[in-house]
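If you scroll down you'll find the structure; I have some questions about it.
When the chains are written out, they are named A, B, C, D, E and F in that same order, and each has its own residue count from 1.
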Amino acid sequence: MFRHQKELQFEVKVERPDPLLARQIQEVLGGQFGEMTVMMQYLFQGFNCRGDEKYKDMLMDIGTEEIGHVEMLCSLISQLLDGASPEAQAEAAEDPAIAAVMGGINPQHLLVSGLGGLPTNSNGVPWNGAYIVASGNLLADMRSNLHAESQGRLQVARLYHMTKDEGVRATFRKMLARDRYHQYQWMEAIAELEEKNGVVVPASFPPEAEQESQPQAYEFWDLSEGNESADGPWAKGTSPDGTGEYVYLQNPAPQGQVPNPEVPPTALHHDLDEKKILNK
Amino acid sequence: MFRHQKELQFEVKVERPDPLLARQIQEVLGGQFGEMTVMMQYLFQGFNCRGDEKYKDMLMDIGTEEIGHVEMLCSLISQLLDGASPEAQAEAAEDPAIAAVMGGINPQHLLVSGLGGLPTNSNGVPWNGAYIVASGNLLADMRSNLHAESQGRLQVARLYHMTKDEGVRATFRKMLARDRYHQYQWMEAIAELEEKNGVVVPASFPPEAEQESQPQAYEFWDLSEGNESADGPWAKGTSPDGTGEYVYLQNPAPQGQVPNPEVPPTALHHDLDEKKILNK
Amino acid sequence: MFRHQKELQFEVKVERPDPLLARQIQEVLGGQFGEMTVMMQYLFQGFNCRGDEKYKDMLMDIGTEEIGHVEMLCSLISQLLDGASPEAQAEAAEDPAIAAVMGGINPQHLLVSGLGGLPTNSNGVPWNGAYIVASGNLLADMRSNLHAESQGRLQVARLYHMTKDEGVRATFRKMLARDRYHQYQWMEAIAELEEKNGVVVPASFPPEAEQESQPQAYEFWDLSEGNESADGPWAKGTSPDGTGEYVYLQNPAPQGQVPNPEVPPTALHHDLDEKKILNK
Amino acid sequence: MFRHQKELQFEVKVERPDPLLARQIQEVLGGQFGEMTVMMQYLFQGFNCRGDEKYKDMLMDIGTEEIGHVEMLCSLISQLLDGASPEAQAEAAEDPAIAAVMGGINPQHLLVSGLGGLPTNSNGVPWNGAYIVASGNLLADMRSNLHAESQGRLQVARLYHMTKDEGVRATFRKMLARDRYHQYQWMEAIAELEEKNGVVVPASFPPEAEQESQPQAYEFWDLSEGNESADGPWAKGTSPDGTGEYVYLQNPAPQGQVPNPEVPPTALHHDLDEKKILNK
Amino acid sequence: MFRHQKELQFEVKVERPDPLLARQIQEVLGGQFGEMTVMMQYLFQGFNCRGDEKYKDMLMDIGTEEIGHVEMLCSLISQLLDGASPEAQAEAAEDPAIAAVMGGINPQHLLVSGLGGLPTNSNGVPWNGAYIVASGNLLADMRSNLHAESQGRLQVARLYHMTKDEGVRATFRKMLARDRYHQYQWMEAIAELEEKNGVVVPASFPPEAEQESQPQAYEFWDLSEGNESADGPWAKGTSPDGTGEYVYLQNPAPQGQVPNPEVPPTALHHDLDEKKILNK
Amino acid sequence: MFRHQKELQFEVKVERPDPLLARQIQEVLGGQFGEMTVMMQYLFQGFNCRGDEKYKDMLMDIGTEEIGHVEMLCSLISQLLDGASPEAQAEAAEDPAIAAVMGGINPQHLLVSGLGGLPTNSNGVPWNGAYIVASGNLLADMRSNLHAESQGRLQVARLYHMTKDEGVRATFRKMLARDRYHQYQWMEAIAELEEKNGVVVPASFPPEAEQESQPQAYEFWDLSEGNESADGPWAKGTSPDGTGEYVYLQNPAPQGQVPNPEVPPTALHHDLDEKKILNK
């Protein structure tokens, strides 16, 4: 069960309205790696978590924090939209200076939400459940979390330069600092899990169960001409768990058959044999 | 530019048709972490890659390999569907034994693709471009790749137990072995990049640029009651880069304001003030 | 079966082209509460209607009218786009005045529809079937209809101020007048249905069937700190049907268990127990 | 800012696993009117709320409660899936009795979530942001809330009969009781707002602003043959606000023009005039 | 403006309920090539049509007919669902014979539409506006129409064998006959347009405008090993308009550059140069 | 299996950056008829192809070529975005001249892809699998291919006029020339298939199988008032296969019943009969 406190987790202030920036910030609210994604992802991982309570509690701690981040971004967007009005939009076509301000506004910020945050990305595409991941395998999911925080921090860092508003920048700096720590957190959890079970997901399907596939397993297939890729740690040396050696296969030949699918029954109407005419 | 060879990369054989399994395998063809995803993700990352040619070549090598994996799965699904027919479907309602075989079939495998693979997941939801990630930041993207291969291998491992067909299982074992190597590959690339730039994405927005946020940056906010999460490496100790100490904040108080958004212009029709009646 | 007459239901005229306005009007054509939505919603409710012919006939009357509204909006958008040209778009980058006119144009109005209306909202997101509701329960569906007309009229009212074109404004005033009447219509139908069956949907699952849940049923759980919500008609007094008293629960305690899900079979590869290693 | 308590709001118990029911319950978790929808809808309405604190507090109270309902449904689905295994799926094709149990299972409950709840509906379509409504106009949004609770309770009532599991039924009865109260709540809020501003949304665009459209505004256009619809309160009598009389228009004639759009510039390539051949 | 008549265009009868077939028929109601698609496609093409009234009238004739086809399919689905009940679903898990009937039912036919047709395909994916095409170029759009009727008739032909219900089969035979005529219609229109403007879309960008690209224009690039494709009319001979000869290029070499994109500004945080550390 | 060569198929050069054009070009990369669509469509048709090897080889030749076209467009977009920077975006609000350049930029080109191509259309809607068609019926699918190339060439022709950049225009001219040839190719294949099996899809469900529906099959129903459509080759004359005569039906009467669906079981809660109150 959840509870809500009126105050925002951190203070959110803007120096002046900026509807264009409001549109751009939608990316980190309702985009693929926005706060809605990490909020829903950590909550679903926490709700579905089985096994060690330590991980479940951590997921619920951070997932609950992220609900508050959605709240903060809605507040930020509302403040950036304050003062935007339908009438200004009507002026825009006539005055290039107003158009410069209003031209890039998300029309739904006026029409649909009436100056509030939207559950969409910076192009107005609705957030959807396929952005999130909760597989039950802790290591797989923690890697998703580390990845999501990496993309999220990258986007906030890019946004940072798209405004000169010192109020907004202060909020962004706080988010950047927090996202750095979140990256550390998932890294720590990953390190612990990898130490326990090994680095491959899932650990419970181990190398020896794939034994007859082993010879080919560690071949790097050079399928894009040029050998620059041979000069990387992925192409030579021993696998982390010592189960094999990487091999760089420079001109690899296919090892499978030429597929030769059957002609299907007439009732599927591929029309491959003009003689088989169907009687009803 | 690309070229195609007729043979499949690896041999794909099934012992007997199984339309239900064909439906389930769609998840690893056209689902969130299916082969279409890794194919398109590595190709877009490769097409958009800037900087060191070594990474671009590697992305193009593996991305090109993955196009062939989509081809292999289409062949696998076609073989599992061979022999499925509309008429059997018509029989299903009357004979429980046939219903057991046909009941779970994806109707689109008959109606839409005529026994071929579909660009959808196991529930028929079309693959979409928001499944993939290509941000330009190499470390962020390699983490996505490691994550995708982790989820993908997990799903194949689960599929493995959903069939007793030794032909299909042999193909799955090959995929499991290959996906293990792919996890190693991205790990090696990640290790190299982390050594160069540090572990946080993006590196070019460093801790000192967020300095005034530092005190709070490393606090673990215990927002889900219970302290089990305190017992993890994310809650105590020093950050990997030595820039600070983690702090477990047990009963954290919010630090922001209570938001108090303005009443918007009448032309937005929030109807908050009944006295402001609009004159056209 | 349907028939079509060439004339539009009402006259649609514009004073001058305005591609930016054309983009914004897409919201009330193909958005969540646009004319496509009410058209498809009333038609599906009518097609699926069971029981009293009076309601079915009404739904078909209004649904058929709405097809004509989609037609009117396509005509409006075409007129607003007349004169927009690819060449003007090419000029935009060089001349701020042209950019002010062309900058906000929906590129698909040129590229995809060639100056016609699109089945999308103001951000180009395609209309989809999940916007509509037809549950078979008349009261539930009429409430959806009242709601859709409320959001629809609100959006047209907001659009009204985004243009100074008196031709467009005249069309909008007609739509606003019509949408007011449509709100009345659904209100009248709702009142009749509520009088017959009671105000709760569905009526056929009555309070006495939930008897043992009764004590908690009418508690207002104050889960957001602050008591302002206690000062509303939802927090005190008797329920409309006299079945109980509302209770304001100020510091509510959870009444359920701490969930404790089982560790799943190894074949699901959660990797929760490192000792269970799978043998193929 | 939010906080989480470990206990569920209400107890959730099942008598026995039932993967088919787990799939069906996804509709009220991640479907158009599931708990994710009301949770996100009330939170966004609360975050964006401007004006009277009383409404904002109420929205936050109920929105916060609904996060806990998502949590409860995930727990319910996990319990119904406990014991489902990939191996049982492999048996299903051979044994009609097992097939009867396993045939309708959502394959993603095994493959993707590993026996946890998914952010999708009963057919596996991901939840998306276009399910929710937060327009800023309180009356419009409260009508959406009443409607959502009506559809939601209807679906739970239907689900109730799809199982004989008394544990699940007890949970459903609690949800039905609670959803009844939630319908009352929104009704009370609606009544208060209608009394203040009038029944039409938005009130700030009043009848007199549409004056010249008045004559036609209250005509019921009989566009579906048959006059059964004349026999309803929507077709005769006075509008609730006394601004006009309803008129039943039995054989209505269109009042607009036959649209006659311009032939567009050659650069749009409609190919309407074969003489205009383009020179590059 | 549109009008509605109560009678269906053709009679729709079923011999007995069949919920599984009802689910499958959703494909030709709300799928990619279902009746909703042709209805909306022809209406949008008609609404947006510019130029010769003959085509616009034809599009409106057929588009209006198709609204009635959606109506007929909703009636067909309702009849196939009559008698399906939630209680039967609850029995299914226990009795393989009932499971055979109920196992494949679309849960939304019970939960969401209460035994009515849904605006979704056979897997429950909502119909969306991106299924339709209305480009303004008549020849391009007529080709889309011919194609849609080809896929649509193919799917109905496949469905025909999935039932033994003679009532349903009679309806399908009528649809098959009608879809044949519709294919003829679009073919006739295409022939007329091709005769007028030539066979290439768009005609207004003619061969001579691409002159310098001509040498390569008609080369067939053999990029999939094997020469079977050389044995087709697309690989040898003269183009239909006599503007050139086809050439089969057996081992084609790429003619472009190796792309070499710039390293982007630091503010995009690609992290390609560890020395450029950003100062805020 | 596939291989990759470093060089692009054709040279791609731009004269100067143009972020607005980059956004527009996304339509022909990731839109409904962009290169991603033809690439995936031809590959899936080829992977699933059964029967004559000649067609499969052709599909694989062209499908493989199209992967390279996605690569070319990514390179084109990257070049057009080079030099765009977050800082310029921040300047835009203040300087109309910069705003004219930056105003229409896709924010995801900065935030999400860091100056690379995106798998989305010109409005940022992600590409999805429902854009493509692979039914197994060769004639149906070749008609889809002809149609896709028609829409694709039309969009490139429109784009051509939206820029004055001679580098970009040279690339477009090459695409236009190539798309013309591709239209010829599918036409040739279609002609061959029509000659073999007849013009109607599917041929295996022939006219005589629909015999009793024949009288009505060839009637043109004039459902949109006005007779302009009578003046077309679709309304008079003999069908291409000589099986019947077209008939223009000027005032067609419906031939079906008035639908009269049953009142459903109480457990579906339509609430149509207030007397049936449910006992749990």
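Keep in mind that, in the parts below, contacts are C-beta pairs under 8 Å (C-beta built on N, C-alpha and C of every residue); 3 or more make two chains touch, one makes a residue touch a chain.
Here the structure is a predicted model, which is why all the values come from computation and not from measurement.
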Pair with more cross-chain C-beta pairs in contact, given E-F and B-D: E-F
Fitting subunit B to subunit E on CA atoms, where both chains share a sequence, rotation angle to nearest 5 degrees: 120
Euclidean distance of C-alpha centroids - subunit C vs subunit F, Å: 28
Distance between the centres, which are taken as Cα means, of subunit F and subunit D, whole angstrom: 31
Per-residue overlap in subunit C, given as positions that touch at least 2 other chains: 1-9, 32, 48, 50, 60-61, 63-65, 68, 75, 78, 85-87, 96, 99-100, 103-104, 110, 112, 114-115, 120, 123-126, 128, 130, 135-137, 139, 154, 157-158, 160-161, 173, 201-202, 204-205, 209, 223-224, 226, 254, 256, 261-262, 264, 267-270, 280
Pairwise touch network: line, ring, star, complete, or other: complete
Subunit F partner contacts - residues on subunit D that touch it in the complex: 154, 157-158, 161, 169, 173, 267-269, 280
Of all residues in subunit E, those that touch subunit B in their complex: 18, 20, 23-24, 27, 31-32, 96-97, 99-101, 103-104, 121-125, 155, 158-164, 223-226, 254, 256, 261-264, 266, 268-272, 274, 276-280
Touching residues (chain side subunit F, partner subunit B) in the complex: 1-5, 7-9, 30, 36, 40, 43-44, 47-48, 50, 60-61, 63-65, 67-68, 70-71, 74-75, 78, 112-120, 126-130, 132, 134-137
Parts of subunit B lying in touch with subunit A, wherever the complex brings them together: 5-12, 32, 46, 53-58, 60-61, 63-65, 68, 72, 75, 78-79, 82, 85-87, 110, 114-115, 125, 128, 130-131, 133, 135, 137, 139-140, 143-144, 146-147, 150-151, 153-154, 157, 160, 170, 173-174, 176-178, 180-181, 183-189, 191-192, 199-202, 204-205, 207, 209-210, 212-214, 216-224, 226-229, 231-234, 239-240, 246, 254-259, 261-262, 264-265, 267-270
Subunit F contact footprint on subunit C (complex, rising order): 1-6, 48-52, 85-87, 89-90, 92-96, 99-100, 103-104, 106-108, 110-112, 114, 120, 123-126, 136-139, 196-197, 201-206, 209
